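Only one structure is covered here, and it is reproduced in the block below.
Naming follows writing order (A, B and C), and every chain is counted from residue 1.
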Amino acid sequence: MSQRKSYAVGTGLFIVLGFAALAYLATQTTSVVNSHQGASYTVDAQFSDIGQLKERAPVKVAGVRVGQVQSITLDPGKAVADVTLLIDKKFSQIPANSVATIYTSGLLGDQYVGLQYGNAKAYLANGSHVGLTKSTQPLEEMLSKFLGSNGAADAIGGTYKVTAHFTNVGALTVGAPVKMAGVAIGSVSDVKADPVKLDATVTMSINKQYNQIPDDSAAAIFTSGLIGTQYVAIQPGGSPNSLKEGDQLVLTQSAVQLEDLIGKFLVSGSPSGNNNNAGGNGSSNQPAGKH
Amino acid sequence: MTDTVQAQPDDRALVRIRGLTTVLNGKTVFDKLDLDIPRGKVTAIMGPSGTGKTTLLKHITGQMRGDAGQVMVAGKNVPELSREALFELRERIGYLFQNSALLTDFDVFENVAFPLRQHTKLPEVLIRNIVLTKLQAVGLRGAASLLPSELSGGMARRVALARAIVFDPMLILYDEPFVGLDPIALNQVLKLIRTLNETLGITSVLVAHELEAIKQVADRVYLIANGKVVAQGDPKTIANDGSPWTRQFFGGEADGPVPFQYPADDYGQALGFRQGAA
Amino acid sequence: MSAQLGRENILIGSLAQIGRCGLFLLRILTAIPLSMRYARETVRQLWFVGAMSLTIIMTCGLFVGMVLGLQLYHVLAIFGGTSATGSVVALAVYRELGPVVTALLFAGRAGTSITAEIGLMRATDQIAAMEMMAVDPIAYVIAPRFLAGLVAMPLLCCVFCGLSIFGGHLVAVDWLGVDNGTFWSNMTANVNVWNDVVNGLIWKSLVFGAVISLIAVFQGYTTPPTSEGVAYATTRTVVTSSIAILALDFVLTAFLM
């Protein structure tokens, strides 16, 4: 009989352990942990663009979670999204003129609603309306703001413009960084096709604090990493004269197409010695090398 | 032993088999078999290996059904019984398996208590008393806490016997109860069969080969061969009834109605000689 | 010609086997109300197939989680996304690895022992003895094992997943330096209780538990009662249930996700 009892106890332990594990997994590792049970109140806010915001996304104040997005509906007749926020009763002292902004947590993360406190004495209550909102900003816009000609470099001491001709710019876009020795010294302000020379003219805005760049420096279009964006790298030359506004960089190395690179690698078996191969037609120099 | 007449009144036969025909895998096991098991007696069923003696027991318990014929047990035709009715009948039949078939998960006590626990809601004290009584009857009360794996063959068979009689059945079927037992264990089992029959009046059916043992215990013997009863009667006299079957079986002759050679094609031909040439 | 005939026979043979298995399931299901009388036996089987499998399940869960943490950390590091380690470990474990690996281990650990035990019970006439004692072996022997497998699988799977996440956490946070808060918040942000835990973990492991138990008891019950037969039956249990698990996993994923 004692043998039988030990089975029962062991089995009971097993079942309890299993259910405890399930309860833990279901409540502590899933979004259930983010969903709200306690007393709460709702406020609504209108955004012109909610981006990737989803229901049950967190609502945060100063990075601390205070509630979640309850519903997202399209305001009838207007191109405006009505977002209802469910906020925990504990956080009942949020000023009525606070600003609701849609943020992204990290570059790849989900979006959430952040509340910046205003200075009003009145607080948000159930059913009240957050009047001040900032909608989500597309990543591209943000990036171009950060990297573009209106970026931080401009603000410090102005820029000067130089041009360079490339036979192929690859995926180089306006706003791409210009780097020397890996450090950003400016950005691409214009990419145009030259109707006469039939190549691409790239205009670069370089920060004025870098005014000692030799005028025989070379410009090359590189890619940062395999899937990274392209940028212009300045390789300093040996001339005593420095680059000035409106100068042209004569020595250029165009963007290397991944296809060309792989083709070269497969044919020659060695990637070395490709650097003198300016231009996008390098692969044609290695004819009939196929097996 | 006056009842050597074949036709008996119904109430004297606990099991009446009439015209039982069974075909298994194309082989006729029973061919219009007629057989009576008298109430309160020990009946032995003998026969050459492979004549379906165990199969006959399975027909009596309803584990197998024949293709035709009647198997009347206590007035009920077994092949026509529903599963529930069959289970009800089986509660009154004890069956001793050739290899004891004790449940390996349980100790001796629980093995004997198993039918009680399954079919009754008796209080634990009563179950304990019944089980210990039955174990005492087979002389293994002291082994109650052993596991089946710790028992010798003879002990396991006695435990199985205790389990078979735990419900005081009307009929016990013994499938080869003497196989693989040393002379001491064999005599213990023999004595138990006799005692159970005499003290409780349980009808017993034995399937066995051991003629000496059967002479000591059985009241009546059936010799089955080729799907039919070929001889029957008192164990002491049946060997002398003069039929070639009994002469071969009880005389232990290698060749006779049961051929030494398994049916085969011509020997000379199989060895490559032309038929008739050798 | 004869090869084609042979192939047809194999096809018809396996169809017949599936059919027999289905009919056997029907017999088990009809015997389940009766087997409620033997609840104690079900508990005992739950101990054997469930609690006794805990050690292997927990050990394997821990290592699966650890290796996931290690691999994912290095892969995600390429994209600067190591903060997603927690959520990817959790998703991979809940949706696929947890149910499938638990099921494969369960088939090897519990399925084989069920098959071998039932096969031996047949070989030693224990099943027939139960029939003779007017106890339905389907209700007393088969159904409790089937039910125990059905109940044990999801529970084991939960334990497996818990240990996996612990293992992933151990490697990613304690050894490789992913931030603890990031690990959990990313996980809780991306794991959905219905899609991932209920549909992935619970449903899949329930189905796998039923399939493994059914195959195990079927193989054990129908095997020829010889030692050879039992040996073949245990092998068949592992092979058949492994194939069934992986094939069903695809079907279930297609339907549930």
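Criterion: a residue touches a chain if its C-beta (ideal position, glycine included) is under 8 Å from a C-beta of that chain, and two chains touch if they have at least 3 such contacts.
Since we're looking at a predicted model, the values are computed, not measured.
Among all pairs of chains, A-C has the largest number of C-beta pairs in contact.
With chains reduced to the mean position of their C-alpha atoms, the one farthest from subunit A is B.
Compare each chain's C-alpha centroid with the centroid of every protein C-alpha atom shown, and the nearest one belongs to C.
Rounded to whole angstrom units, the spacing between the C-alpha centres of subunit A and subunit C is 43. Inter-chain spacing, taken between the CA centroids of subunit A and subunit B, is 86 Å. Subunit C makes touch with subunit B in their complex at residues 120-121, 124-126, 128-129, 131-136, 140.
Residues 4, 7-8, 10-11, 13-15, 17-19, 21-22, 24-26, 28-34, 58, 106-110 of subunit A are the ones that touch subunit C when the two sit in their complex. Within the complex, the subunit C residues that touch subunit A are 40, 43-44, 46-47, 50-51, 54, 80-81, 83-84, 90, 94, 151-152, 154-156, 158-159, 161-162, 165, 184, 186-193, 196-198, 201-202. Those residues of subunit B that touch subunit C in the shared complex are 61, 63, 87-88, 90-91, 93, 95, 97-99, 101-104, 114-115, 118-119, 163.
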